[in-house]
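Each chain carries a letter (A, B, C, D and E) given by its place in the written order, and its residues are counted from 1.
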Amino acid sequence: MIASALVALPLVAAALCAAPLLSRWSRTIAAVASLAVAVVAFATVVVPLATDARISWAAVLGASYIVDVDGVSAIFITLGGVVFAVGAAASAHVPHRRAYFALWCLLVAAVDGVFVARDLGLFFVFWEAMLVPLAILMWQWGGADRRGATIRFLLYTMAGSALLLVGVVSVAVARGTLDIDALAARPVPASAQLLPALLFLAAFAVKLPLFPFHAWLPRAYVAAPIPVALALSGIVAKTAVYAIIRIGLGLFPEGVAQAAPALVALAAVGTLYGALLATRQDDLRRLIAFSSLSHLNLIGLAVFAATLTSLRGAVVASVSHGLVVAALFLLAAMLARRTSSFALSRAGGLASSAPVLTAFSTLAVIAAIGVPGTSGFAGEFLSLAGTYERYPAAAITATLVVIVAAVYGLGLVRRAFHGPPLATGPDLGWRERALVAPLLALVLVVGAAPWIVTDHVGQEIVPASLGAR
Amino acid sequence: MPTEAYLLLGAGLFALGAAGVVTRTSALSVLIAVELMLNAVNLTFVAAARRYAQVDGGVIAFFVIAVAAAEVAVGLGIIIDLARRKTSVDVDDAADLRG
Amino acid sequence: MTPEQAIFAIAGPICLVAGFSAVRQREPLSAALSLTVTLVSLAVLFLGLDAPFLAFVQIAVYAGAIMVLLIFVIMLLGVSHVDMPTLQRPSLGLAGPLIALALFAVLAAAILRGSLPAASADPLPEDHVNAIADLLFGRYTFAFEAASVLLLAALVAAVVVARKRSTAREWPGR
Amino acid sequence: MTVYDLGAIAPLLVLAGGACVVLLADLVFRADERVWAGLGAAFAVAAAVTALVLGPGDDGFGSEIRRDGASVFFAIVIGASTAAALLLAIGYVAPARLPAAEVTALTLFSASGGLLLASAGDLLVAFIGLELLSIPLYALTGLLHGARHADESSLKYFLLGAAASAVFAYGIALIYASTDSIAIGSLASATSPIGLAGIAFLLAGLAFKAALVPFHFWAPDAYVSAPTPATAFMAVVAKVGAFAALLRIGGAVTAPGVAGLDWRASLAVLAAITLVLANLAALGQSSLKRLLAYSSIAHAGYICVAVAAGVVASGAIAFYLVVYAALTVGAFGVITLLSNDDPTLDDLHGLARRRPLVVIALGVLLLGLAGLPPTAGFLAKVYVFEAAIGARLAWLVILAVLMSVVSAAYYLRVLFACLAEGEGEPARGPSIGGGVVVLAALAIIVVGIVPGPLLDAVQSVRF
Amino acid sequence: MTLALVVALPLAGAIVIALFGGRLSRSLIGLIATGALALAFGAALAIAQAFAAGKGTLVAELGPWLPIRGADLTLRIDPLTLPLVVMVTGISALICLYSIDYLGHDTGAQRYFAALDLFVFAMLLIVAASNLLLLFAGWELVGLCSYLLIAHYRERPVAASAGVKAFLVNRVGDAAFLVGIFVIFASFHTVALDELTTRPPLLAASALLLVGALAKSAQLPLHVWLPDAMEGPTPVSALIHAATMVTAGVVLLLRLAPLLHGDVLSDAAVIGAATALFAAIVALAQTDHKRVLAWSTISQIGLMFVGAGIGAAFAALFHLLSHAFFKAALFLGSGSVMHATDDELDMRRLGGLARRTPLTTLAFACGALGLAAIPPAAGFFSKEQIAAAALAHPALLVVVLATSAVTALYAGRLFALVFIAPAASEQARGAHESPPLMLAPLLVLAAGALVFGLLVSAGAVPLGVAGATEAPLALSVTSAALAVAGAALGLALFWRGPRSIVPLSLADVARRGFLIDDLYAAALVAPFRSLARLLDTGSEALVVQRSVDAVAWIVGRGGVIVRRAQGGYVRVYEAMLLAAAVVLLAYWSLR
């Protein structure tokens, strides 16, 4: 019931946003709806409530409307709600606001749907439904390169989804049902898991994106409007993490395990690769893009390793990255508003005129590079420690990222804020502070008490056949 | 005569019609080639009917003739219309739509 | 040599040669005349196949009505519409015969290899025309009705095509 | 003629009779042009209702005409799409100065031909149905006198169509020669080379009507040149008829299992070629109508994927055809709302600002065409793919999904063109056509979310 | 509870200052920071009291943290770590007090004091963590705070870069440390120290932890960040060198000694010895008085590594504490000198300060005595302990003694150039004594540097670790003689001002740390940059992006070709249609 409400709420909000009479309030509606989603989702893990719903849908095709919320999905939905709320709140002064916020709420609904769907068909519906509002938001409200970037993003991810569809259809034909829990309860023989696992993982790898399937990422991050880029990186990418856990590991544990050596190698390389490229970027958004690539690959690494510790790490790291990247994008936008450019070379020495901006940015960067006390460390450590148990070489390779991350992270701070004051601008106003401060506070809270997250990621997340520690 | 002989004859006519459809550039000539193909059809029907001692084949051929008449009526209408507009019934002159 | 064989031996080649001529003639009028020859020789073949009624229809309707209409249109449009090959156009001089040859070869192979069901030993009904009538208004009633609708539709279509100049206006397209 | 016969042909009678009534009434009464299109739509609806009410039953005329679940279903689909196309025509005939009564009559005749083809019990009736379907379309294609090269595409359509029907007829003749029967059921015994050759020709003839590559060359030109309501009509009804016949024939051919493999392999290859080439060709189009034409060819490819899976996929095919009908009528319907009959994508600039509702509807339709959820287009594709996977055609499914990604590229171009700033063609005010478009979009969404009833309904499509 | 208070107070101070410091005056911020540290010091003393009363260990369980066995927020203090806690809180409170006036005109006081308190908190975490992970948290936070403080003068590019450099080099060690934790966790599934001490030591993990210690303690070959760290405010240097950061490596070796493999420990001793001598020689060549102290720290920590490496925990801990006193005194003295001379750092431009800033001179002299290990200063006793422990390792002993001699030499040189030689610049001539709030902590520390060794040797201050060895008299005499001789030589040589003893080029190479920085720039940094550039312009642009472009191009090209096939000629269409029909026909009938 509540699971359905998590999707219905933003849908209603979308309708309200589109209503001409409420035009003035559309931003508030979108933000409040997103926040409400977060609150409701988090409430489900605190208070035991009936969350599931099961309605016949396209029975002939094997698909039903089955939704539920468990600990992992609740965490992701909560994260999504926070990120979406911040993104909506940050979307001040957009043209065509009714359309913008209606699409925004549709995106929220689709993302929530991905997290609550317990039927592969329904899952695919939401999975693809995310694309449309995203694409329109990018196309219509994006920056200079928006057309090419949108098309590239869309077609690339759709190519991945195409294979996912083949996978879903194959499962429907072979098993006669798409009920995820039922399928997980009786997995197919280990020898027959690799192929479907690869079909499913193709889509997830593109969405994540796993190195080297990230060709869409830098351009999309640069071209998308900041709130959309924030949502794209902060939560939409996490749908892939969730999907790998829920579907990849849930339905095809052996298949994923068979592919894991290659996947883990790619993810480990990607972790370093993204960080190395981030050191070269001048455009802040590209820097954040490649840093995200690095983080997301680290998360992917942890998921593919599939130990309890690493999976917990992946969830924490997802939460952390979502919060941090949201903060980073917002701060980048605030910086750009002061220097009228996202180029680091146009900034410099902002610290003296905007100390709070500097402090916030420094804190965000510190979290991004995983200093203990921030959520970044909790996620990174659990991910790597868990991965090491199964794939030591990959874990060691990926651990090198702590060095490279420091290079680009502190490089960012140094180039933008330190040094002689080349650029000046007013410090953050209270609205801007109010936007970023909650994110940073959450980063610290999760860093100090990661059990808020990990307590809800139980042993059942680890496929039984892979053994658990 | 064996039925196969008639069938072969029909096949030959049909092939000739096909060649005409491809090589002729006057719409009228193409129409004539199509008629040739339809006649091959009729020959086949009649020959088969004879083999099986049925009248059905002939009746079907009768229908084919009716259909051919209908086609010719509309086809000629179209050709006349084209000729009035383009002063040409050359199918290669009607090649502006492409891509 | 039975009469049927004789008819086939004479009308068959004529039919083929006339058909060849019909698709080789540049001028539509000549082609139409060649086709008429084919139609007549086919009617003769039909006679040999014990289908006198169809032979009659072939002459009366096909050679008579349809071909006259065709020739009338050819004359109406004038003899200027000669089939003239030009250099810029796709020359399918080779493709046409090739396709035809391949078509014939494959069909011939199928016909010669194929084992048709045994020929019926029964003779065709004596009362040919009555038999046809029985079928047309018995087994093929529905097809007959459908064909009449088809002819009506074709009539309307032809009228519409002919009339459109007077009714339609220039559409603001490119 | 018995009451059973009447029951079997009742929808046909309504359609053909309706055509005659419209023609006669036009001679007797002077009425607004729009009345005739509306009247025709009413007859089409009546035909659908008749089929629905009478339901399946005994065949008529000694099984020349079938009254099975499939016939009834396709009668409803054909009736409904014809009605939708004629409703689009209501607002269209007057500014285009088309002879409304004749257009309506021809459309109804053609629809009855499509229905005949779909419910034919023997090949002769199928042939007559094919011709009855086609001949009015030849005329309709050339009707829009001022449009680009209407007469050219009409001629092309006619010449190609004539050759294709000759091929089809020859196929019947070869079948008859090898089996001494023209009943569709007798195809099962056409196992000699001659009979198989006949089947091949039947396939070619129907592939032409269904516009499968490489039998499709007439389609883009005809679709572009025809008056847009007629385009919508022919894109839907011709395909419905052709695929119904393909299914019928396929059922008979594959029944004994002798030629089943060949039948499926041929269709799979045709499907593959169609999917690849049609989608590629649609990529660079600047004319919206031409783009949609290629898109509808591509959709024939998707349907063909299911046809290749065999008769078991008839439910999937029926579902896809219904969804495709709604999508196609809706998408071409959008063009009837513009003041230019052959708009380029650039003409769509600024449409989102001027007619937001239309663009939302078009967006839904394009999503449906691209097969994206939550539209019915997505479920249709899933259904087809499930059928194909079940028939071990995984390679074809992978090709199809990849091509649907390519298709997304051009559908999105259309959508983004509407969203782009700029002054495109002015759009007409609200109209019945607009209602049809919105209704189609609504149907696509509703069926996408509540597909149960339609999914149940297509289970009745049995031959 | 008290233990939690010790650790939490500095953190609370940092948080309060960070959140509310913007509205408070500079001195109030400084007082809050100092107050927090002083209270923590008081709490630490209270704990010491309890320990003196016979309590063995003190554990504070503050709740769970990471979902890993042992990774809880639990603090633990034992006799080994107690003196460290007292020292850290005490000395940093003094440094913090000193900073109030030192930073009197700095607009960045808020972040300075916040980071300072956080720094202390982090160091206390290292000292008092009950598990590896919490220890690592402190470990990294120490690096972070060093970054924040070294880059305090952030408008100066050099300072900003120095901060980044410090953090990066530390991160190299941190990465190794992390992997070390992974190895341990993968083997034993726990990170709790008391559980781990019962397990056999792992060679790989030990080596990795040692790398971490080397980076944090600026030992060869990861010492390069420390000299640059002088870019921060001088009290920060005092904090880093004396109390909070560089000694962390030694603390690690001491606390984790049961976990560490014997081979690795002896490696640590060897590395420490090498570093000690190397850094002492480099210190000799410096011209910047803070840099002399920086290199001296590297050298002294090297000695502690020797002690810890050969298992002389008492010696290492003793030297760590006494070093904390005299190095803090020296640095604060150095800061006082800078304060007096408008931030003049070049010793060759100083001189004659003894008369103008007598109290600073006095304090500095005490520190220098400690550094030079001249009895009765603290350094003498602690160094003697290390030497005594190294008796069993003659090679190490030789190096330790040689280092002592060189140390005394440069200490003498430093003192002579800054305070005794004739004033060489306007700043030196115009020097003035620092304010009392700076002098007071300075003098306290100087006193500590002077008497701490005596107190410990006399047993007045228990260190909690057994293992004090009675040094042979010969050794005591030798080391004292070497120290005195070295110091005397240094004073004598530079009594009259700077002079060149070795060829300038050689001195220059030595001054630049034997070009190890340049080596790294060429061998590590440049290849790193090249790799990043290669990936950016090579694999990313040419492979990842282009491959997608290529697919798009091929598809688009296919579209063009297909559209070209639709050439408009109906005869071609007819040919296609019939040809396709023939193909179908052939497929069906020719089988």
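The working rule: a residue touches a chain if its C-beta (ideal position, glycine included) is under 8 Å from a C-beta of that chain, and two chains touch if they have at least 3 such contacts.
Bear in mind that the values here come from a model prediction, so they are computed numbers and not experimental data.
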Each chain counted as touching chain A and chain B at once: D, E
Farthest-lying chain, centroid of Cα atoms versus that of chain E: C
Chain closest to the assembly centre - both centres taken as Cα means: A
Highest-count interface - the chain pair sharing the most C-beta contacts: B-C
Centre-to-centre distance between chain E and chain D (centres being mean Cα positions), rounded to whole Å: 78
Distance from chain E to chain A - Cα centre to Cα centre, in angstrom: 36
Rounded Å distance, chain A centre to chain D centre (Cα mean): 43
Inter-centroid spacing, chain C versus chain A (mean Cα positions, whole Å): 69
Chain D: positions in contact with at least two other chains: 124, 128, 131, 135, 138-139, 142, 148, 154-156, 159, 163, 167, 177, 180, 193-194, 196-197, 220, 284-285
Contacts with 2+ other chains: residues of chain E: 563, 566-567, 569-572, 574-575, 578-579, 581, 585, 589-590
Set of chain B residues in contact with two or more other chains: 3, 7, 14, 17-18, 21-25, 30-31, 42, 47, 49, 51-52, 54, 56-57, 63, 67, 70-71, 74, 77-79, 81, 91-92, 94-97, 99
Pairs of chains, among all present, that meet the touch criterion: A-D, A-E, B-C, B-D, B-E, C-D, C-E, D-E
List of chain A residues in touch with chain E within their complex: 152, 155-156, 212, 214-216, 273, 276-277, 279-280, 309, 312, 349, 351-352, 355, 359, 362, 366, 371-373, 377-378, 381-382, 384-385, 388-389, 392, 395-396, 399-400, 402-403, 406-407, 410-411, 414, 417-421, 448-451, 454-455, 469
Partner chain D, residues of chain B touching it in the complex: 3, 7, 10, 14, 17-18, 21, 27, 30-31, 34, 37-38, 40-42, 44-45, 47-49, 51-52, 54, 56-57, 60, 63-64, 67, 70-71, 74-75, 77-79, 81-82, 85-86, 91, 94-97, 99
Of chain D, residues touching chain A in the complex: 315, 367, 372-374, 378-379, 381-383, 385-386, 389-390, 394, 397-398, 401-402, 404-405, 408-409, 412, 415-416, 419, 451-452, 455-456, 459
Of chain A, residues touching chain D in the complex: 56-63, 121, 124-126, 128-129, 131-132, 135-136, 139-140, 147, 150-151, 154-155, 158-159, 162-163, 165-166, 168-170, 172-173
Contact footprint of chain E on chain B as seen in their complex: 18, 21-25, 30, 91-92, 94-99
